[in-house]
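Structures given as structure tokens follow.
Look at the two complexes coming up: subunit A is in both, with subunit B in one and subunit C in the other.
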Partner chain A sequence: MPKKYSIAGSAAPPRFQPVGKFVIERNEDECIHCGRCTLVCLHDVHKRRGDDPRFISEPVNYLCKGCFRCIQECPKEALTIKNNEEWLLLGDSYWTPETFGKIWYQAETGSIPVSGTGYTGPFSGEGFDSMWTDMSEIVRPTRDGIHGREYISTSVYIGRKAQMLTFDNKGKIKSPLPPTLSIPIPLIFDIIPFRFSKNVYESLVKAASFLGTFMIIDLDEWFNSKYQANLVPFFANLSKKMNQKLMFPEFEGVIKKCKMVEIAYDLEVLKVVEEIKRLKNEMIVSVRIPFGDSTNKIVEELAFAGVEVLHLCADVNGKVISSSDKNRFVKDGILDAHRLLVEHKIRDEVTLMLSGGIAMAEHVAKAIICGADVTAVDLPLLIALECRYCKRCQNGLSCPVELKALNSDYGAQRIINLMRAWRNQLLEVLGAMGLRDVRRLRGEVGRAILHEDIRHETFEKILRSEGVTNNIKSSN
Partner chain B sequence: MGVAKVFRCTLNQQIACSYGFSEKRYGDIRSMSRDLKKKLESLLGNDARLLDGAFEREVYSMDIGAIPFTGLLFDNIPEMIIQPKKIEALKTIIRVANEERVAIFPRGSGSSGLGGVVPTVGGMVIDFSSLNEIDELDQEKMTIIVQAGVRWSEIENFLKSKELTMRTYPSSFFSTIGGWIATGGYGIGSFKFGNIQSQIESIEVLFPSGEIKSINQDDEEFSLFFGTEGQFGIVLTATLKLRNKPRKALPHMIYFDSAEAAVNFIKDMIKENIVPYNIKYMDAAHIGETNKILGERSFREKDSVLVTFEDELEDRKFLSFASNRGIHAEEYLAHYIWHERLFSMKRKGSKPTPLACELTIPLENFSPYLKKIIRMSKRFKVKINVESYIIGKDEALVLIHYDSDVRNFRTYLAHLALIPVLTKIGIAFRGVPYGLGIWNAPFINEKIDHQTLRRYKAYKHEVDPRNILNPGKFFTARTKWANIPGILLKPVVFRTITKIAPMFSPILLSPILEEKSTKDETELEKTVYSCVKCGSCASVCPAYLITRDELLNPKNKMHLAKKLLLGETITKSDAEKAFLCLHCGMCREVCQNDLDLLTAWLELEEGLEHIFDKPEDAIQNFVSSIEASEEYWRFVYAQKV
Partner chain C sequence: MCAAICPSGVHERKTGHNRVSKPRSYLCIGKECENNPLYCIDHCPRKALSIVQNQNYTSIGDSRWTREFILGTWKQAETGLPLQGLKYEIGSSGGGFDGLLFKFQKEGRTEAIEESAINTELELNKRDGRKISIKVPFYGGGMSFGSVGLKVMLARAKAAKAWGTFTCTGEGGYPDALKPYDDNMITQVATGLFGVSEDSIQRVKIVEFKYAQGAKPGLGGHLLGDKVTSEVARMREAVAGSSLFSPFPFHSVYSVEDHKKHVDWIREINPDALISVKVSTPSDIDMVAVGSYYAGAHIIHLDGSYGGTGAAPDIAKKNIAMPIEYAIPKVHEFLKEEGIRDKITVIASGGIRTAYDAAKAIALGSDGVVIGTSDLVALGCVRCGCCESNRGCPRGIATTDPELSEVISVEWGAQRLINLYAAWRSTLISILKQLGMQSITELVGRYDCLMNSEHTKGKDD
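Then we have the complex of A and B:
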């Protein structure tokens, strides 16, 4: 059995106090430094001062879970708690404050956030929240089994699987093996939504290298790095440039250094793929296809043409791009593409990569259930670096967490911590479903419950009996 | 042995004998003390704490008066301080002390002035702070048995949930029951309920012989223990009579144009048979002081009377009586003044050191007396302010306060000399000094009538033949140096001094010697010289109460701070203790002089850090051990509002 892969976490406390859900205020005029709050708070919000334990530090607000223990126990009623206005303003309807809180916690600690007793929801909603995984396996391994003794694999391959192996008389594989890459987690780092300073990219690539995965980066942002092998350059207008014979000198150099490249989809994309393969045959080429109405057609075309990796990307909120149906979500798109390839019996010849809207560990699992082989994360990586998604930097304003001054080793650690926590959650899902390999999860829609299906089952019969005829599914 | 000591030993003994009190002194204090300490240690085990560190002995050599030249006249540094935790232990201590003829100085919270707790001949201080158990509450009979070291505030806290309360209490709420029995015993509620003697059913007394006796209010001996400053026996426990807790206090404050008008108002009210719980008079200067504290002129600066009722019927009677007399202050102001009754020392003068004179005087002589002393105080260039509790139909307890500054020593001496002058004038108005201690001992004949005094002396001879209890004071102040300086404190001489003091005051107070500016003094300086060493802070300080370490006692830290300011040597281990403070601010809340103690502690630590390093480990251990103490949490939760 191969050596077990595990990600070592290491505490990376925030440089700036994160926005918390609550604001705890301690009235220094009332407080008698009795220390009760420091003893009753389970979340280290209240602490005696390190340099002089006779004094109490400012409450570390963001750690507060709002349990009210300290409020009740303070003998001097010196503590008050209120909702944090800033918290409510964080992110948007998709990237909710809770998501930020979870990512920050995971990036700091590397552990799975605990939220009191059991799953607190949401139980149903839009996007990934409209499906549930079936975690009812009775003989599931114990938790320490999942993270310890049991061997559960989370690694996936990128590239085409050989359809059939032929051997020579010495028992050696004869047929040329198609190039594949193996990554230990079904996650690669996608192009991050905003442009950033080099130290931010450095953090990302260091983490990618540590984890053994890859990071896609726009060629415009390309930089020389010790970890170049983990970079996947993205070329936006390659076909146009090739037509105009505008091949730039770095192109070959860049290509030589990488194991994988990504190119934007356009009508002449196949020519470009061919050209790259000509330069370097073992290169894995991924085509970035924006989700839209014609996605299926493109997938079909490229798959049959032998493109190894199809990267279907939605917008940052997981909504499909250029679609007549504005509410179509990335998981529905990938499900369709997956089913199509299965129908054509060429599913294993392509790697389906999904990006857009991956905000939590469970989204990774759900994306895979819907048919993705690999997911690509974007915004959570930035959030792990304390980004508040306020977009001030994009408007030339100062960054509240001074990402420009970020130390890349520290940044890398926060991302590694986040990935560690996500992988551990994935292991729990797999364990609970009785699976030992994440690849077995792919397309296991049978092991998931989709909100649409329930709706359909529950209401259609009733409505039909009531004489309502229009299709419920489309009334979405 | 120095010549002086030999002299003292022999002569003192002779003089002592000539007074009828034998008094053995040590040849060599130190070696004797060491033997005694060993002996006591083995006898007492864990039932008492024995302190003999230099710093502790120093702080136990003083009371709130802290008269700077005490050490010149007396051996005021005790050889040892004992804090018994059990009555049995105390019994052993007294027995040994009696056998060995070692002087004993009982000490409650040390809040009385006049030197009542100050050692005169070395010896041992018996500190009652650990004999503070509340033994038994009888809700039916409405009585409570408490040990002598219990503080008034502790009884009040204990009774909080029981719908019962005390009848009277001193405004020094932080002082001990034993201390009030032994001293004046008049305070808040005395108009209605009389003095401490009338709210006690019985006491248990320990005599130098080792005998413990329970003495009932009906016994002939009973009255001998009230106001006699621990001369006859040590009070161990007292059974206090309680009363139902009144639902509310109804204070009224009325302004008058003169002290005379105010006193007439009080007299008329008493004539009308109106019985308030408490009657208090304050002169215009005192009200001015209150305005200064508040930082605004909320009160009219006039002579005023605060009358407090608890009974609504009585209150209505009063209102119809008072309706067209004086000017009635707003209700909230009356409530404020009533609330401030527990902070009688609060002051905001430019000079830090408060001085006070206390005496009782017939009500009818009250305003002429005031007129006279105001004139006199002007000669001493001080601005006095006066408050008074009316403690009977025709008697007032008068407290005269004024501010000085110990750092301007000559001025301070002159100001100090004013105290006996004020007392003497009071005596001329048929007044009686409130306590005797050391500094009022010359007035014994004015305080105690001839017959009673004879009885006292005979009783003293009977119960304390070796004169081990509080020697060298009360009956007569006996100083060291063969009591030669003591001549000054002999009634006849003393009277003459007080007579001529006003004549000398202009010399001492000559403007050339007048004050240095106090403008840019630090908070610590201000605090140190304003602290009256009343010990109110000690009654709430968790650090002190949990550790029972006298060096952690905020009052004593003030003494350390003073040494620091004066550049005196401080040992490292003493300095370390100053850091063992939670900065909780509880001391600040009850500080009688409203001092900014939190800032003072920070400045003290800062000053010490310049000499020694901050004792980080000691601090860490201190915090951990405090947090591990159950008593601490009980204490903290007593704070819960």
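Then we have the complex of A and C:
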């Protein structure tokens, strides 16, 4: 049996105090410094001052869980609690404060977020929130990946797969085997949306190298041949440059070093693929295709033309750019592409990579259920480094968490921790479904509970009795 | 002046004191008092009083358990009286129970029904054999010794006895202190078989098989090492301080036949016991329900994915398996098609927060409901979510830590629960009355009594 793959985590406490959910305010006029709060708080929010224990120090707000115990027990009613404005302003409607909080926790500890009481969020939402994953109740063999009693594989292949093998008279494989790469987690690091200092890229690539996965990088931003085994160089205008014979030999040099490259889609993309293959036949070439109205046409064309990896990208919020449907989400985009390739009986030959809007571990599982082989993740890697997505750096302002001063080994550990937690959550989802291989999850739409379908199936009678079935269904 | 007029006792002048005491704001009924002739703000001769919303108030609750739900449950547990108003009927999660309202009849039959004649009793055994009915169509869900303290278990048991219903031991042994309440206890046989013995099976009238829990479907139970104190360990025949996994699934059950074998074991040990099968809500939940029936179960207990837990991965709570609102009609319809709906009792849990939720669940097709979190909220829980650690519960509920458990007492807890159940029953009766029904059993599967709340709120669901 091959050695079990597991990711070792190690604590990486934040360099800066994280933004917490609550703010406790102490009314200094009322407080008698009796210390009741320091006794009742179970999370060390309240402490006496180190330099002068006669006084209580300022509450350490980010540790507060909102249990109200100090508020109620304070004999002078000197404490009040409120929601932290700064917390509420984190991110946006897609990258919610909760997402930040969870990523920070995972990056620090490498553990799965676990809590008591039931789910606290909205009933359902758009995109990935409009589906639930399945579980198997009784009739299935045990699957227990996390606690290590049984091995669940999370590795995936990248590259073209032969539809069938042919053999010669002696039973040897005759058909040529296309090159493939194997990565132990269905996650690749995507191009991060902003430009950063060298140490940030180093953190990312060190983590990628530790995990055994790849990092896509725009050559204009950064490249270091030391990490070439884990770097996937991205070329934006290759066909234009090629026509003008601009980039050789520097281009050839990079191509020779790496195992995989990514090129942006344009009309001459097939010519470029051919050229790269001429230079290095075992090179895996991924074509980056932004979702749009003609995505399916492009996917079809490239799949039949023999392109190995199709990287479909949505915007950072998982929205698909489409003129027909403004609210289309990456989940539906990938589902369509997947189904199209299944119809054409060519699905297994190509690798579909998906990026855009992958913010939590559950999104990885759900993207794969909807048809992706691999997901590419961007923003969460930055958030793991304590980034608050405030975009100040884009306006030349200072970074609140001083990413420039980040030690790349420490940064890599935070990212490794996050990926460890994500992988373990993926194991939970796979285990609950009774699967022992993430490749089995791909396109298993039958094992997803889609909100619109189940609502229609079960609530139909209620809706029908109102005579407004159609209205409500379409408003979903 | 204020002390003399306030009917709620907010203002007080202690005898012999020159000044009035600090207002006891928690007693204030708020802005609603404005039109009251005794509104203190208007009467103060020096205009010295003002009224604002308490800042602390804004931080309580979440979209499933809104602050109105939490404070409303506290109020019911304190007074035993039902609460009325839309804010107590739907929360703000935007779907499921929060997207449904009752279509009450405006006039007609409702006047004719005497409230005292309305029956909330539920028969749990629809097969042959010993009949067991509960006076209210809800009972307590499984919470193990270890996940909660003994005081909580005793309080729940006392309340169950007072109301003629049941509560459940969960998977963690059956403490001897519960002996006087054996007739109102359900004991759980779950995948870890912690604390299961012949004796524990013979003590009860209902035995519950826990195949899965809604909050962590397919993942089994997990009591973190922190909560495995020596007492808990003794009860579970385990080692103190080591995390206890209740693995998923039953390693001896891979088919309905295997399941039947389990049921038969229990019936061999306690022939009169009713068998309840607790399952979570996968896409084939309807098949699971039918399978359980043919294996001999009396009760199929569906635990929806948004339900409570002592500790579960957040990813599982949110994403794995479907919410109970969809599972109930799915199972109800399928059992009807199979012609066995009247032979098995369907119980729903996992997100039943209020009596309104309970009534909606019944209208969607279950016979009754199981409650868990509402019990704990009645005991003071604010849902801070720290139950996974033994020193995490500020209310002394989800802990066996002796110091933290000091906060609550059994008598107080039992009374709070008795009050809550009284309020729930009154609410159910008032719902039935408004629907023109005489018995809770009439409400089962009456989709036509429900409507989409979008019509009233204009909010997208």
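One rule holds for everything that comes next: the second predicted complex is superposed on the first by the 373 of 476 C-alpha atoms of A that agree within 3 Å, B and C clash if a C-alpha of one lies under 4 Å from a C-alpha of the other, contacts with A are read in each partner's own complex, and residues count from 1 in each chain.
Throughout what follows, a contact is a pair of C-beta atoms (placed from the backbone, for glycine too) under 8 Å apart; a residue touches a chain by one contact, two chains touch by 3 or more.
All values reported here derive from a predicted model rather than from experimental measurement.
Colleague: More subunit A residues touched by subunit B or by subunit C?
Modeller: C
Colleague: Looking at A:D220 after the superposition, I want to know if it touches subunit B, subunit C, both of them or none. Which is it: first, second, both, neither?
Modeller: In the superposition, A:D220 touches no partner, neither subunit B nor subunit C.
Colleague: Which holds for A:M433: it touches subunit B only (first), subunit C only (second), both, or neither?
Modeller: Touch status of A:M433: second partner only.
Colleague: Check whether A:P75 is in contact with subunit B, with subunit C, with both or with neither, and answer first, second, both or neither.
Modeller: It touches subunit B, and subunit C stays clear.
Colleague: Quick check for you: in the superposed arrangement, does A:I32 touch first (subunit B), second (subunit C), both or neither?
Modeller: It touches subunit B, and subunit C stays clear.
Colleague: A:D52 contacts which: subunit B (first), subunit C (second), both, neither?
Modeller: first
Colleague: Which partner chains sit in contact with A:Q425 here, subunit B, subunit C, both or neither? Use first/second/both/neither.
Modeller: Once the two structures are laid over each other on A, A:Q425 reaches subunit C alone.
Colleague: Can you list the residues of subunit A that touch subunit B in one structure and subunit C in the other?
Modeller: The answer is residues 77 of subunit A.
Colleague: Okay, in this complex, where on subunit B does subunit A touch?
Modeller: Touch residues, subunit B against subunit A: 581-586, 619-620, 622-623, 627, 633, 636-637, 639-641.
Colleague: Show which residues of subunit C lie in contact with subunit A when the two form their complex.
Modeller: Residues of subunit C touching subunit A: 22, 55-56, 58-60, 62-65, 93-96, 98-100, 211-212, 215, 217-220, 245, 247-251, 253-256, 258-259, 279-280, 282-285, 288, 291, 305-323, 325-326, 328-330, 333, 350-351, 373, 381-388, 391-395, 398, 447-448, 450-452, 454-455, 460-461.
Colleague: Which positions of subunit A touch subunit C when the two form their complex?
Modeller: Those residues of subunit A that touch subunit C are 22, 40, 42-43, 65-69, 71, 77, 80-83, 102, 112-124, 132-142, 144, 147, 149, 360-362, 365-366, 425, 428-429, 431-434, 446-447, 449, 454-455, 457-459, 461-463, 465-466, 468, 472, 475-476.
Colleague: Contact residues on subunit A for subunit B in the complex?
Modeller: 32-36, 39, 48, 52-55, 75-77
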